[in-house]
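Contents: one structure, followed by commentary.
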Amino acid sequence: MNMPHAACKLLTVICEAGLENDLLRDLERLGATGYTITDARGRGARGVRNAAWSESANIRVEVLCSEPTAEAIVQRLKQRYYANYAMVLFMADVAVLRVEKF
Amino acid sequence: MPFEPVILFFLLGLVAGIARSDLKIPGVLYESLSIFLLLAIGLKGGVELARHSVVALLPQAAMVVLTAALIPLLAFPLLRRLGGFARADAASIAAHYGSVSVVTFAVAAAWLAGRGIEAEGHLIVFLVLLEFPALVIGVLLARGIGADTPWGRVLHEVFAGKSIVLLVGGLVIGWVAGPEGIQPLDRLFIDLFKGMLAFFLLEMGLVAAGRLGDLRRAGPFLAGFAIAMPLAAGVLGTLTGTLLGLSVGGATLLGTLYASASYIAAPAAMRIAVPEANPALSIGASLGVTFPFNLLAGIPVYHWLAGTFNGWLK
Amino acid sequence: MPFEPVILFFLLGLVAGIARSDLKIPGVLYESLSIFLLLAIGLKGGVELARHSVVALLPQAAMVVLTAALIPLLAFPLLRRLGGFARADAASIAAHYGSVSVVTFAVAAAWLAGRGIEAEGHLIVFLVLLEFPALVIGVLLARGIGADTPWGRVLHEVFAGKSIVLLVGGLVIGWVAGPEGIQPLDRLFIDLFKGMLAFFLLEMGLVAAGRLGDLRRAGPFLAGFAIAMPLAAGVLGTLTGTLLGLSVGGATLLGTLYASASYIAAPAAMRIAVPEANPALSIGASLGVTFPFNLLAGIPVYHWLAGTFNGWLK
Amino acid sequence: MPFEPVILFFLLGLVAGIARSDLKIPGVLYESLSIFLLLAIGLKGGVELARHSVVALLPQAAMVVLTAALIPLLAFPLLRRLGGFARADAASIAAHYGSVSVVTFAVAAAWLAGRGIEAEGHLIVFLVLLEFPALVIGVLLARGIGADTPWGRVLHEVFAGKSIVLLVGGLVIGWVAGPEGIQPLDRLFIDLFKGMLAFFLLEMGLVAAGRLGDLRRAGPFLAGFAIAMPLAAGVLGTLTGTLLGLSVGGATLLGTLYASASYIAAPAAMRIAVPEANPALSIGASLGVTFPFNLLAGIPVYHWLAGTFNGWLK
Amino acid sequence: MNMPHAACKLLTVICEAGLENDLLRDLERLGATGYTITDARGRGARGVRNAAWSESANIRVEVLCSEPTAEAIVQRLKQRYYANYAMVLFMADVAVLRVEKF
Amino acid sequence: MNMPHAACKLLTVICEAGLENDLLRDLERLGATGYTITDARGRGARGVRNAAWSESANIRVEVLCSEPTAEAIVQRLKQRYYANYAMVLFMADVAVLRVEKF
């Protein structure tokens, strides 16, 4: 690509909706400059979460950030939530405009 | 009919869920209906409160809260010793049964109204008061008074949780505005209440159908507990109500409150405060067994108990 | 006015859609309203049924279902031979026209009520019975009785589909609870019915506006079919109704049922059972042409037909 | 009570939002309620219009629109010179204050009704007429009449925007169908109006709570403007109303319209037409300050102004 | 990355909402350990699907799985749905924590 | 992979919901054969957009397309919306079936 695209990490976290407030506070503290949330449902090791009511709803949170920030977030989430909460996370490489934003 | 017609909507939802129908109540409709029901009950309670002296209610309220605190304190050792549940799970389930179900209360009120049985209006105030003490007790049972409990966040979760905000908010609005102030809102909050309740029960049936699997996995002890516990709590509640001088209808409602298990406030609070507890157990028991049991069999039993106790004491 | 005022909401939606207004009815509101309407109609039918002997209705119901089966059997060869449609498409469209539209029925009932014309309450039972036979016929027309049709899934789709579950569920609840049991729910299900219908029609207008393009692409034969077919079916329905001894209002409603084309149950079932059929054709015709045609012109025509047939037979 | 009880729902939402409660009104419910309120107000206005000669209203309507156009023309230089706002921001804020808030109008109407004060029904027609001229003025102030303004898209955004479509659509339906045609819809659109308004205000409170931060950032000038501007516009509106011969109630409503600031039509239109304006400023002022100010303090003030002017002129 | 991140496939399927039940049964049968669904709308070869009513709604299904499982799912969906249903699918490489989960 | 998977770009745009109509018109004009939209909320340089009402809602638009098309879209969006609207975009490499579709 001949544009000033810069590499950046896209971290996606899927977890139970009740964690939203806590999770966002963590993200902010660890240096994420933003996030995007969509409402989701799904199935995983902790069973079906079909979003029929708020207790069984998931959220899908995306964070564009640098690799160190992504690593810090992953460590924090792993330590704080992984044992007791429905949560899955994955990371991908993406190209962004204006990398200084993230 | 032996039971309230609105219960048929719960059964319809249950059957549709078990038959794997593609009928789905949108999650947003569920949320909207629960906001409506909580607010409507709060408003009704507030209007009732405007008719009473709040101070005069205080001693009765204190007694109601104190005896209800016995429920989680009884449930916890039972689940721990006899059921062999982990500490966190036992505490979380105990908190669910110590707290109350607003919808079960509403169905009981409709059941009484359908039979022309009067009940004290200020029972709604007790409903609000009984929502949260058991949640605090549950956290204490799980953690002790240790320093590592995030009490700030737990209490915020409980008191800023939507059920308390809407119930208390409705109560205050109803109390401040009074019967005439609220009257133009009655077309929505009073006239439509039972229809909305029917709709909500349809969804509850669908949700409960999805919980039966959890329950099967949890084994027969929990299922037995989910029937025995409300019966025991119902005895405590109707007895307390009768001793406090409530009418038969009022004691029936208090028995129903004690017997009912929370599935709105408690799951949200326990998830934050006692995350190591498995929510499938507490919600499976409260929603999969106790809720339908109370609807179909419990309420008439508590009414019979209230009548019997009332007979003894007269 | 020559037509029912609620139709104006449909026209508003249509105009807004064509003008590319940013007015959008949230999909969830659409779902919620359709659950409401289906349940309300079921309940009303159940309450009516509680007033009748079910056995006495059986012969009439059998005749209604049998003659209605002629509709898809007539539509299929027409679409195949004259229209040159592929087998799957012809079968799917035939199924849509053989089944019924609950909202068209509701508008016709409102139209009659607005004129003070009485109609038999048990027509709602026929509405429920007419929902599904055409769907099965459509699958047979598309596939034959061959072994490769996933009949299990098709029948599950039809009978566990939300429209049947809600209509039959409402019917059973209304029948079990009876008029007095349902009465406290009337504030929601009866009083608000017409307003909710108006809201739903607004959304239907928006959806229909989005379907006009499909229809233009499909060509004039299908548009012609979408007007001729309901007229023919309307003749069959009003005649059947009159011969079965229904009142003019009842025969009008039966004519409307025969003339109406499904767009809730049929699309979902055909998509699973006859996936190679193009849904743009069947939905474009039923929603883009037949639905507005019935609302604006069909219903008065069927009423006139019912009156004429009734005159002949008296 | 000094204020309308429905305002308590706004305060509840505000408190819940500030306390960071987990109470959330689903966005879809918000959308559905706003569609309901716009349509209901339109219908009511249309029914009123059916009772009047439209032609007779024309001169009054022209005067109302012309004097209201002074509001953005006054606000713009104020914001630009005294407030030091950028041209686009000043123009966008001016457009918000020149347009009107349907919910503020509804609360004022409820406030008058609660006191038994009569008001002319055709004020709703003025509400519709006042929605959009200020939006066009705002775009002109931001851009001049230059060729680079996408006027086609701007006008489409304004006239095909959902508030105009629903208000005008409701107006036309109400006018065509007339009082008897609309009457079966009254159970929904009239009886439930105030309850729905209460629900909507609850959500507005939550939204407004989220806007207080924006406002703090914008500084005290804008906060002051957001109180002074409605007062000035309220004087203009009540005076215009009185001079046009409206009753005290009617002049109060006109004053409220002039004083209210839009937060449905204006933000959407300005975002498209004047994208370089910062929406946090205009929405923070109109929703965070002016809306609650009008609800809690403005309406009684405009009523007092209307009474005073009426006294002078009699 | 110095963490035990493991490579994994992220398969995304966008299709008409009416396929949800059938599709989930297929996923389970082919060995997916979980999935995440969000409601979507869109446009493609089969026209606009604007989610104005349930017949025109899409779903967006994400599956984290091993490459062989992903291949098996793609083959199955291609054969079973591609001819007659609105459906698009794409696959990306992502890094996950605890790869044994997927 | 031994299947006829072809490389393709996945462009994701997150922006304020009010841009939907304009954005879709741009996509069509620049040669995108389709798109998928989900409703979203989030936080970024322009503050919190929590979807509590329509003015504060976001959308998340995905476009599968060739690299030149993706570049053209990025340029257009950058020039037309980036200065005045809440918008973030990122691009990833994905494998698709039937690349001729995009």
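To keep things simple, chains are lettered A, B, C, D, E and F as they appear, and every chain counts its residues starting from 1.
The rule we apply is simple: a contact is a pair of C-beta atoms (placed from the backbone, for glycine too) under 8 Å apart; a residue touches a chain by one contact, two chains touch by 3 or more.
Just so it is clear, the structure is predicted and the values come from calculations on it, not from any experiment.
S.K.: What is the set of chains touching both subunit B and subunit E?
M.R.: Touching subunit B as well as subunit E, we find A, C.
S.K.: Which chains are in contact with both subunit A and subunit E?
M.R.: Under the touch definition, subunit A and subunit E have F as mutual neighbours.
S.K.: Greatest Cα-centroid separation from subunit E: which chain?
M.R.: The chain farthest from subunit E, judged by C-alpha centres, is D.
S.K.: From the centre of subunit B, which other chain's Cα mean sits the farthest off?
M.R.: Of all the other chains, the one whose centre lies farthest from subunit B is F.
S.K.: Taking each chain's centre as its mean C-alpha position, how far apart are subunit D and subunit E in Å?
M.R.: Distance between chain centres, rounded to whole Å: 46 Å.
S.K.: With centres defined as the mean C-alpha position, give me the subunit B-subunit D separation in Å.
M.R.: Roughly 41 Å, centre to centre.
S.K.: Could you grab the centroid distance between subunit A and subunit B? Build each centroid from C-alpha atoms only and quote it in angstrom.
M.R.: Centres of subunit A and subunit B (C-alpha means) sit 35 Å apart.
S.K.: Residues of subunit A touching 2+ other chains?
M.R.: Those would be 38-39, 92.
S.K.: In subunit B, which residues are in touch with two or more of the other chains?
M.R.: Counting only residues that touch two or more other chains, subunit B contributes 20, 22, 24-25, 28, 31, 192, 268.
S.K.: Can you list the residues on subunit D that touch subunit F in the complex?
M.R.: 24-25, 27, 30-31, 203, 206-207, 210, 214, 263, 267-268, 271-272, 275-276, 279-280, 283
S.K.: Looking at the complex, which residues from subunit D come into contact with subunit B?
M.R.: Residue positions touching the partner: 1, 5-6, 8-9, 12, 15-16, 19-26, 28-29, 110, 114, 191-192, 194-196, 198-199, 202.
S.K.: Which bits of subunit D are touching subunit C when the two form their complex?
M.R.: Checking each residue of subunit D against subunit C gives 28, 31-32, 35-36, 39, 156-157, 160-162, 165-166, 169, 172-173, 176-177, 181-182, 184-185, 187-189, 192, 268.
S.K.: Provide the residue numbers of subunit F that touch subunit E in the complex, in ascending order.
M.R.: Residue list for subunit F touching subunit E: 1, 3, 5, 8, 10, 24, 33-39, 64, 92-97, 101.
S.K.: Within their complex, state which residues of subunit A touch subunit E.
M.R.: Residues 12, 14, 38-45, 58, 60, 67, 71, 74-75, 78, 82, 88-92.
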